[in-house]
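I'd like to ask some things about the structure below.
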Amino acid sequence: MIVRPHQHWFIRLFDWHGSVLSNIVFRLSLNLLMSLIAIFGYPWYSTLGIHLTTAPFSLVGVSIAIFLGFRNNASYARFIEARHLWGNLHITERSLLRQIKSIRGIREEQVREFTGLLLAFSWSLKHRLRKTPVQADLQRLLPDNWHSAVLNHPMPTSQVLLCLSTWLAQRRDEGDISDIIWQSIDENLNQLSTILGGCDRIANTPIPFAYSLILHRTVYLFCTLLPFALVADLHLMTPLVSMFISYTFLSLEALAEELEHPFGTAPNHLPLDALCVNIARDLKAMNGERSLPEPLEPDAHFNLT
Amino acid sequence: MIVRPHQHWFIRLFDWHGSVLSNIVFRLSLNLLMSLIAIFGYPWYSTLGIHLTTAPFSLVGVSIAIFLGFRNNASYARFIEARHLWGNLHITERSLLRQIKSIRGIREEQVREFTGLLLAFSWSLKHRLRKTPVQADLQRLLPDNWHSAVLNHPMPTSQVLLCLSTWLAQRRDEGDISDIIWQSIDENLNQLSTILGGCDRIANTPIPFAYSLILHRTVYLFCTLLPFALVADLHLMTPLVSMFISYTFLSLEALAEELEHPFGTAPNHLPLDALCVNIARDLKAMNGERSLPEPLEPDAHFNLT
Amino acid sequence: MIVRPHQHWFIRLFDWHGSVLSNIVFRLSLNLLMSLIAIFGYPWYSTLGIHLTTAPFSLVGVSIAIFLGFRNNASYARFIEARHLWGNLHITERSLLRQIKSIRGIREEQVREFTGLLLAFSWSLKHRLRKTPVQADLQRLLPDNWHSAVLNHPMPTSQVLLCLSTWLAQRRDEGDISDIIWQSIDENLNQLSTILGGCDRIANTPIPFAYSLILHRTVYLFCTLLPFALVADLHLMTPLVSMFISYTFLSLEALAEELEHPFGTAPNHLPLDALCVNIARDLKAMNGERSLPEPLEPDAHFNLT
Amino acid sequence: MIVRPHQHWFIRLFDWHGSVLSNIVFRLSLNLLMSLIAIFGYPWYSTLGIHLTTAPFSLVGVSIAIFLGFRNNASYARFIEARHLWGNLHITERSLLRQIKSIRGIREEQVREFTGLLLAFSWSLKHRLRKTPVQADLQRLLPDNWHSAVLNHPMPTSQVLLCLSTWLAQRRDEGDISDIIWQSIDENLNQLSTILGGCDRIANTPIPFAYSLILHRTVYLFCTLLPFALVADLHLMTPLVSMFISYTFLSLEALAEELEHPFGTAPNHLPLDALCVNIARDLKAMNGERSLPEPLEPDAHFNLT
Amino acid sequence: MIVRPHQHWFIRLFDWHGSVLSNIVFRLSLNLLMSLIAIFGYPWYSTLGIHLTTAPFSLVGVSIAIFLGFRNNASYARFIEARHLWGNLHITERSLLRQIKSIRGIREEQVREFTGLLLAFSWSLKHRLRKTPVQADLQRLLPDNWHSAVLNHPMPTSQVLLCLSTWLAQRRDEGDISDIIWQSIDENLNQLSTILGGCDRIANTPIPFAYSLILHRTVYLFCTLLPFALVADLHLMTPLVSMFISYTFLSLEALAEELEHPFGTAPNHLPLDALCVNIARDLKAMNGERSLPEPLEPDAHFNLT
């Protein structure tokens, strides 16, 4: 995710990093090429009775803009929901730790054990969503006595949740936690299950494929034909106007495609690494630990993963 | 549901499977025919004082695009809600099994019995929504002692839910589960009832019929008349532009119709088979079973049912 | 509600029932008349310097389409919320019966008494929303010992809810239901109160009157003036294009008006009768009754009330 | 709020009351004046090289329509949320009374005392939102023993809520209500707090002022310049078309402004008086009182406050 | 936040404060300059075959308006959610205090201690979101015995929440509060955690940077090129129309950017200072304190921070 300090409006016009421009620069060049073909070919092919006018392109352009608005809404809703789920992960883990710390009979090393399981849950969820290897982080974060239950399990995230549940049931069976307090804490474990399920849903079920296909095609065909429709009116100004319109449509289409899968590491994806560190900082500070992990900072291109 | 590996943007332009193109190819051919009639008939019928211009078609085209945007929103919302409900089914069944496994007095074979009832619930819901025969899966999944209660019942999904409730009440009456823990688990049974009711609602109540009818008609009439409006300006380019605009409108209308009923097996429907297997894998892995069912893979056309 | 078997796309174009066409056929005839006046009057009134052009009508037409999209959104949201509330009614009554049936001390005739109260609630809600006489159904459904409390009460739906609450309190006071189980069931009674209040809200508070008034007026004025704006360009084709555009606008306006009040018996209203029977079928099947009421079928015009 | 019996579509076109027409009639007259200036001034100022054309006004008109759609959405959402909150008030007070009435130890005069506090809550909320004097209604509704706690308090609504809470705690401390039943009832008191906070939020935080300012300005400037853009094409028809377009834009802008503050007494505001009486009728009927207050009826202009 | 008394519609047209006009006045001047260049340069550069027409600008203008509508929706949703969270903060703190005050064994100075912690929570949240120094307010509001736990903590807001939890657990362990009542109050502490997490999410995760970048660029390029497209038709009227259109687009873009970060102190940001004082007034009034803090009033420019 691009995290930029505030820019002057003028400088922002020429910002390179953080836009999707790098993805579409080749396609914009194609559009420039088409414009030049239109300008130089126009005198010849117009004599053949082949000509396009602006009017039908206005109709199709506005229609595509409406459908692109719908597509961006759908993609942005997925991005926002993903961010909400990770926000809820932070909230729920803080609530769980807060509840555990308020129980009288629970010793400090038990609280640290529980904290380790919570951190293992968030890190393993991150690796699950990004399809990166999880073992190293699990070994670092898991309390020793839970290593065997989780490390070689086919679904570690789900298994860590089961360990949290087992830990809690042990406290209840040992009499530290009454049934009612168990109920309040168990509700937050259900919340973790909801977060895991929600993230899985976003990661595994894309927007219906036909939507991205239809819009991809119509946007590309529209941008390809546009110079031929503009050239009769605009002559030498065709490349400028055609590339301007194409930039608007291509970049929004590319961005919608990027936001559709918010768990990657591209400039407009969610900074899961930073969110995991933030959760760890907060939980460790609640436990009174003095040496908190440093919050992640954006790299030289203002990108935070 | 079409599940595609990431495609290069250029290849995606010519993707055949996974679009709704197969549904509308006949109607696009009709549009081509109309364009040819317009081109060859124009010199004759224009002498009769019959001519159409682009301007009013621009007005009606943009209006239809706005209403089509509304229709797509409504259909997509149904698709998304259906996916949420199945996501919640996974979440709720995981939470239920997690809660049951954390109770001290419950034996392993009782956990397996409960797991069987949970799996029978999700499979029977799938069959109910797709109107496919449910008996084989019920016999495979149901624990033996619950066969008689469910197998010949007129509403097996609802009945499995009642069995889960009865199983739980037996544990409570046997003293394994206190009233408070029963309450926490019972809340998740209510959640299953909500999922069943939500899926039924989507399956049985379509978008008001007049919406699909009005849009179906206006889109078709618009595409039919369009070549006659374009021909005066575009002559030989009429088929290209007319088919381009028609493709945009017809394909989005066809897709909206497909998404309206998300429980089928068409390329843009939900992969209920795969979701059922995923739930089974997760629950069995929680029970520590070693031989998990293989996750379903898309077929040669990237379709996952 | 119109419930149609799937139609071939071609047949659907000429479907008469199920559209709002019957409501607007007179207004479309007026539009045809205006078109003829425009065609025959044009040579005369254009010499007086009176003429309209397409351009400003394009502006106003697109604006009206945007506002009509907003109006349809608002009406459709009411329809959807009403359907959700009735879906929740089914879900909640099923959950209530499931909970009651899982209590050990409750006898079968008590379960039937409770079921009767639940059915009386849904039927009396239907009559309340449709303003139809409720007494016959109440007498048929209510258990005998609750007749006196409900039958002559000024607000029978609210009173049945109070009876359910009293029944539940009796079981609690008799010791069959612990306070905690009472709490779980009572939450579902609160849910019934929410459903009753939500339906009342939709039935009693329309969309602000000025919205329907402003859009009604602008749509009608637009359709009336449209032929005079089109005639200069389209001559003999004026009636075709004018009626096409008018059909789109008038039918969507009429449909928005119909959906605004979803509890009636028109073709795009909710099938409350069928929903009540469905609930009854489900509850009776849960009680193991063999003779279930037949589900309602659409009439010859595919209309289900 | 305007509550109209169903009107014939033709009569509705000329309805005067219930529209926002009275608010904008002066501004429409200004528009007529501008049209006349445009018609008579056109021959003179066009010789100076000053002329406007329809094309850029089409662009700006459609853009304003889009932004006006956004503004109406935002205002309507506030209206709807306000209505939901008052619906929830009815639902919650009914649930509270239902719960209290199901407790065995509570005497009838205690139920009436509690009902009085509930009614005082809804009436004082109404006065708070409309900034009308609350003392008379509080004295009428409050049970005698709660007069001193509420009557001279700076925030009576919040104080009545505290009294309900105190009443409930007294019953708990006297042993009539167990902790668990207290919990169920207390949740509904939290709900009352949510309703009070939600209404306060709508009443105190308007839509960001710049939105209404920007749209107000652009709509007015657009309508003022419009006749000068239309006159070259439409000549004598300028006033008709200009006033038609202006009516659409000005009335929707005025309506959005009215709906933004839904707690007033204008024709499109919520009928809080009637809602308060409805709640009182329902609660009193639940208590078996025979003489219910009459429901409020709309006045001669169909306005219900 | 601008809080204005109601203005006459005419005066509102010329309101200076409260609009975003001050932010864009320089850019509007640039637009005026461009218009003058277009007017005086037109005779010269049009002879070079360089000319722009309105038609493609109409297409791109409407498209940008649609995307700007989307952007405003996204920003406004953040503003609204932020306001909801602060509304919930008020609601939750009132509910917490109400619940504590209804416990018999809790003494008045304990209630005051709890109130102090609640107020410290809201004030420290405000400072956290505005990145202003928190120590002075913490020292003023925190009860003495909690100073050491919070004052030098790296995350004071989260720590105050932990203190509230500890205070509550102490009451439970001392026997004043049963487990069930603890559960009801603990749920509201979870709510505080949710509010804190939600505000953090809005403050730390902006709308994907590419959205603001793409729209910023297209709006600016559009406004820069617009005069050259208008000049052929409008000549001397170019500056008026060009600045009118630019004002609409630039101001809405600037406002969307302002609303995206609703926790600042600009005219369209949330008045967190005033909200904190309101909460304090309400809680202190509930405790029966006589000298309530004065509610904050807008400054001379109607701005409330």
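All chains are identified by letter, namely A, B, C, D and E, in their written order; residue positions are counted from 1 within each chain.
In this section, a residue touches a chain if its C-beta (ideal position, glycine included) is under 8 Å from a C-beta of that chain, and two chains touch if they have at least 3 such contacts.
Because the structure is predicted, anything quoted here is derived from the model rather than measured.
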Shared chain contacts [chain A and chain D, defined touch]: E
Where chain D and chain E are represented by their mean Cα positions, the distance between them in whole Å: 24
Separation of mean Cα positions, chain C and chain A [Å, integer]: 38
Residue numbers of chain A (touch at least two other chains): 55, 58, 62, 66, 69, 180, 183
Complete ring sequence of chains beginning with chain B, oriented so that chain C follows: B, C, D, E, A
Complex interface listing, chain A residues touching chain E: 1-4, 9, 12-13, 15, 18-20, 54-55, 57-58, 61-62, 65-66, 68-69, 72-73, 76, 79, 83-84, 87-88, 90-91, 94-95, 98-99, 101-104, 178, 180-181, 183-184, 188, 230, 233-237, 240-241, 244-245, 247-249, 251-252, 255, 258-259, 267-268, 270, 281-282, 285-286, 292
Contact footprint of chain C on chain B as seen in their complex: 27, 48-53, 55-56, 58-60, 62-64, 66-67, 69-70, 74, 153-155, 158-159, 161-162, 165-166, 168-169, 173, 179-180, 182-183, 186-187, 189-190, 193-194, 196-198, 200-201, 205-206, 208-211, 213-214, 216-218, 220-222, 225
